[in-house]
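Before anything else, here is the set of structures, which you'll find just below.
The following pair of complexes shares a single chain, chain A, combined with chain B in the former and chain C in the latter.
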Partner chain A sequence: MSNPYHNPKAQWAAYLVFFVVLACVPLMVENTFTVNLLARFLVLGMLALSVSLVWGYGGILSLGQGIAFGLAAYGMGMTMQMQAQDPESMPIPSFMLTNELTELPALWEPFWHAPTGIALALIVPTLFFAALGTIMFQARVAGVFVAIVTLAMLSAWYSMAFDMQPYTAGFNGISPPNPLQLGEYSIDPYSATAYWIALACLTVLTLGLKALLHSKFGLIIQAVREDPERARFLGYSVAAYQVSVFTLSGFVAAVAGVLWVMIVQYVSPTALEVSFSVTMVIWAAVGGRMSLIGAIIGAFLVNGMQSFLGDELLYGFLLVLGGLFIVIVRFLPNGLAGLLESVLGRFGKRAAPSDAGGPV
Partner chain B sequence: MALLELKGVTKAYDQLKVVDNFDLKVHRGELRCLLGPNGAGKTTTIDLITGRQKISGGVISLEGNVITHWPEHMRVRAGLSRKFQVPAVFKGLTVRQNLEAAFTRHTNPVRNMFVFRDREARERVEEVALRVNLASRLGVRADFLSHGETQWLEIGMVLTQNPRILLMDEPTAGMTVQETHRTGEIFNTLKGTHTLLVVEHDMGFVRQIADRVTVMHMGRFLAEGTIEEIERNEDVKRVYLGGGKHHAHA
Partner chain C sequence: MSVNHFWTAFAFEPFMNALLIGLSMASIWLIAALGLAIVYGTMGVINMAHGEFVMLGAYTTYLLQSVFGLPFLLCVPCAFLIVAAIGAIIEKLLIRHLYKRPLDTLLATWGLSLVLVQGVRLLVGPEPKNVTSPAFLNASMQFWVFELSWFRVFIFGVTIAAFVVTWWLLQKTRVGLMVRAVTQNKEIAAAHGIDAGRVYTLTFAYGAGLAGLAGAMFGAIKNVFPDMGAGYIVEAFLVVVVGGVGSLAGSLVSALGLGEIYSVFAYFTNGTFAKFWLFLLVVIFLRFRPQGLFSEALARR
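So, the complex of A and B:
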């Protein structure tokens, strides 16, 4: 137990400090645009968290996390849009009128009621992941084929969002006129409140998952990642574990989707773009896919750099990002977290071999 | 009633029968060795018993339950546990984690989300680690173990499971002479309380541990008896001498 990186108490302390520091950020930042930008980063960090869970711990390379994110984002977009409609004077969103709909489609009806809408935004993507996971993992689809199937699904949803113009406003996307209304409160996307809501969700999910990874379940999903056949011949239903971890990761990405629309007040098919889901994987790889907090920090760093460099340099940046990914995969398989692990390992080296391998 | 019984078990690839109408009965508390030259069908037989390969014909029963077509993990839950010919352990996890994973009182994922610091598991892991010589290596990642230690770890995982019958495919492959002898001692402590079916090539090891020996050749039953009977058996001599590329050290 010489390496502090593997010391559970040190880990929990690091997590605590991390979230306390994040909570103080709005107290130090005046500019509301910056607060909004940082709130977006929190949501992107949540996506990296879901990748860390499913890929880093579960060993399932899903390129379809954007499905849960996108579906949830549409659910939230529809909820917020309906908050602006009135059953009497303005029962249907204006983009539907321009698409020659005269009645609100049945698909949209439940979204009159915001709590139902938000619940659906979370439940539907989660169930979709449970179903897709069951089909894939019962059939023992593994490795790169999971990446292909999830990618194909993602493209299908993208086309659907794009093509079903009367229901989704197609390419233009849905831009609800008002911020999210929660009871009497209006959640201004540029407020510290919105930031704190996102942070509270990120904190709860991260700490919850960290605890989960210390449970027997956490051990077995890692065992399944290392050698599914060995796990199966210990008596575990490998598919059941894979479906569980895949579904959980879908839920996390769905929470991110809901928060995203609360913070940007807009949803379009870009949420379902292939490139977006692929970059999530890169964030997690950069920060360290086998560390929840590492993956989140990876998302902060990459996105921070991206917005610092600005739009003119974007294409150059994407090239740099691709290069960075190759370098990391080649030399730092556990990203920056892995780097930290080996640095800390140097300090406590004289003692016995480290108790490695635990969730971080 | 036999604990494990194979009746007419067959595995065919197209025309080629690699296991052919094979019968076997293993009784409770027995340590049975399964012997045979390379390619005799020993691993395939273990694969058929555990469900790793699809059976072409015949019946397999465990304690009277016909398990011929059960899914793998259900057979394990019914009391089978196996060690692979090529050692299979969770390389990225520590020795302790490997053994803990093999403690399978609960296998349901949702149930296991609420299992933390299981004391019973911990005690069992430590007890098994002592047995297989890994007590001082619990914190080490499995990919840092020597080949012999890796074999012991997998044997330890099977022991942790506390199954009705332990199926061991070449447990001493790649071990030094001392390690092999030590493994023999481990197996001898299991006699009587555990039922084992051990595939082995090393005759010295077989002599050290076996109660009864079954020999198979080209997928078929060839002979069965005590180790002395088998060593005198003319058919066995012919197969082993004729076979050429066996590993048997006399």
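So, the complex of A and C:
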């Protein structure tokens, strides 16, 4: 027997147990505030998932995952805001009135129709990632340059959201008055339903990505990460694979953005802040970027610790977070999942040469 | 911002002044980017904490001025020395363990920047501090259609001086020769008896010192506060990337270009749009010239 960490069956079993346990949580928790908090963690876990995909597997250090998250969050915020408007009596949101707009901007028109709005919130960020990825990877921009370009784009979007006050409500952000209406149902952010919707999305995306990473596509992605030159000489279109994985990660982050606004009923430029996007990378690094589930757990741990310590200790917390991050990068480059891998490796040591080991 | 007054029409005098502001922006971005360019060019380390070194320089100036009563012009070189010393310590403790993993240095230095920002916030307090500059620098002058403050001229002068000194150190001194040798090939340089580790420590300390120098001056333009560094870091990175890795002249030209483009855009529209389009232009530029303006080979570390 080799390292059970690399055993695909054991991995799938661990994933299933993980999601089943998460699904049972609202049955045990009474407090609606806690359910809402846990639902937020699920969304943040989804962001760590997108980082794990693009950075851990794709080898692309993107500091701009917040672009997809933020754009999708704004799309969802606009959709929910328009659900509260009435074409006859209240055609435009009140913050626009205070900013001297007399009619609804064309940018906002499609969001009258909620399904169109949600679709746009998912499609626009994904297309943006596809376009940005195409520009970067066709030019063979790589390594830290990708980090800087994505950082620059993120910072540009942040200043747009911040400054275009008549369209985005600027610093204050958009706070839709009512929960999301889907057909006849109203999704209360503090209900278990909202939690389960978020969990369902997280489960589908995680298992889907895991299956994808076990496929031929996933293996080539990792080959490209290990050595782009060699993959190119073997005849693979490196740029096409990098663009796909980057776009896919953008889509995952966009789903997270949509869910986030459903759960918190609020969106502001903080979603596009540079520090937020880098924090996502920290979550994935703590949990283990080479493991989808590890990254998700990393997000749970760091955010759990943050809300446990509370706001009074926030500055102290950030100090600890920064220190923790330095220690992880310095001593545990594969995070907690990497630690687990080596611990499990001890147990399976007697075994014959270990198998190649698929993605975890 | 009002939607109705979005587009500003061309007028000669304000436009000439916008060009002058562009020059001033360029000098600010260049002095912020210079240390970054040297550290990245020589060591291949992307220092995300560079902005925090700027912040430390500003706080050093503030403390020297308010606690020890040092005159501002003396604080500036002191900020260079003190932040350089901090940089040397950080290089020895953290950076040198990560040379083989460039992406990880980026992340570790980000963690470092969190620690520095929060550490300063806890030690000195979150409220903004003031650095007072001498009276003669606060005046402004009129020259033909131009109107500019002496402090901007001062920054411009210091930037040019720092640039020339850096160039001289690299090209004309023995240490500079060693730095260039290590940049080209660390192993071969080491085989010729150059202590590459010491060269790296020196380079990192010098880069940090330049950030401290920048911070001493930025603190006097605006306030001094714990996360002031974040405001310079993206622009500084873009100057380095557009200029071309390891090319001082490239950084100079790209700072000038970016500063002027930004300022002209900002004149016709506003600062936010200017920033957005500038960043987009840089991304498109990198599509066609990923190696930057002046770098010969494709630099991919």
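As a working rule, the second predicted complex is superposed on the first by the 357 of 360 C-alpha atoms of A that agree within 3 Å, B and C clash if a C-alpha of one lies under 4 Å from a C-alpha of the other, contacts with A are read in each partner's own complex, and residues count from 1 in each chain.
Criterion: contacts are C-beta pairs under 8 Å (C-beta built on N, C-alpha and C of every residue); 3 or more make two chains touch, one makes a residue touch a chain.
As the structure is a prediction and not an experimental result, all values here were calculated from the model.
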Subject >> chain A residues touched by each partner, larger count belonging to chain B or chain C >> reply: C
**OP:** Applying the touch criterion given at the start, work out whether A:I220 contacts chain B, chain C, both or neither, answering first, second, both or neither.
**Re:** first
Original post:
Once the shared chain is lined up, is A:P115 touching chain B (first), chain C (second), both, or neither of them?
Top reply: neither
Original post:
Regarding the shared-chain residue A:P177, is it in contact with chain B (first), chain C (second), both, or neither?
Top reply: neither
**OP:** For A:V281, decide between first (touching chain B), second (touching chain C), both and neither.
**Re:** second
Original post:
What is the contact status of A:R230 with respect to chain B (first) and chain C (second): first, second, both, or neither?
Top reply: first
Original post:
Should A:A147 be classified as contacting the first partner (chain B), the second (chain C), both, or neither?
Top reply: second
**OP:** Would you check which partner chain A:A139 touches, where first means chain B only, second means chain C only, and both and neither mean what they say?
**Re:** second
Original post:
In the complex of these two chains, what residues of chain B are touching chain A?
Top reply: 50, 52, 72-73, 76-77, 81-82, 84, 88-94, 96-98, 100-102, 104, 106-110, 112-116, 118, 139-141, 144, 157, 161
**OP:** Report the residues of chain A in contact with chain C in the complex, numbered from low to high.
**Re:** 61, 100-101, 132, 135-136, 138-145, 147-149, 151-153, 155-157, 159-160, 162-166, 274-275, 278, 281-282, 285, 315-316, 318-319, 321-326, 329-330, 333
Original post:
Which bits of chain C are touching chain A when the two form their complex?
Top reply: 1-3, 46, 94, 97-98, 101-104, 106-108, 110-115, 117-119, 121-122, 126, 230, 234, 237-238, 241, 270-272, 275-276, 279-280, 282-284, 286-288, 290, 298, 300-301
Original post:
In their shared complex, at which residues does chain A touch chain B?
Top reply: 1, 212, 214-217, 219-220, 222-223, 225-227, 229-238, 240-241, 244, 352-358
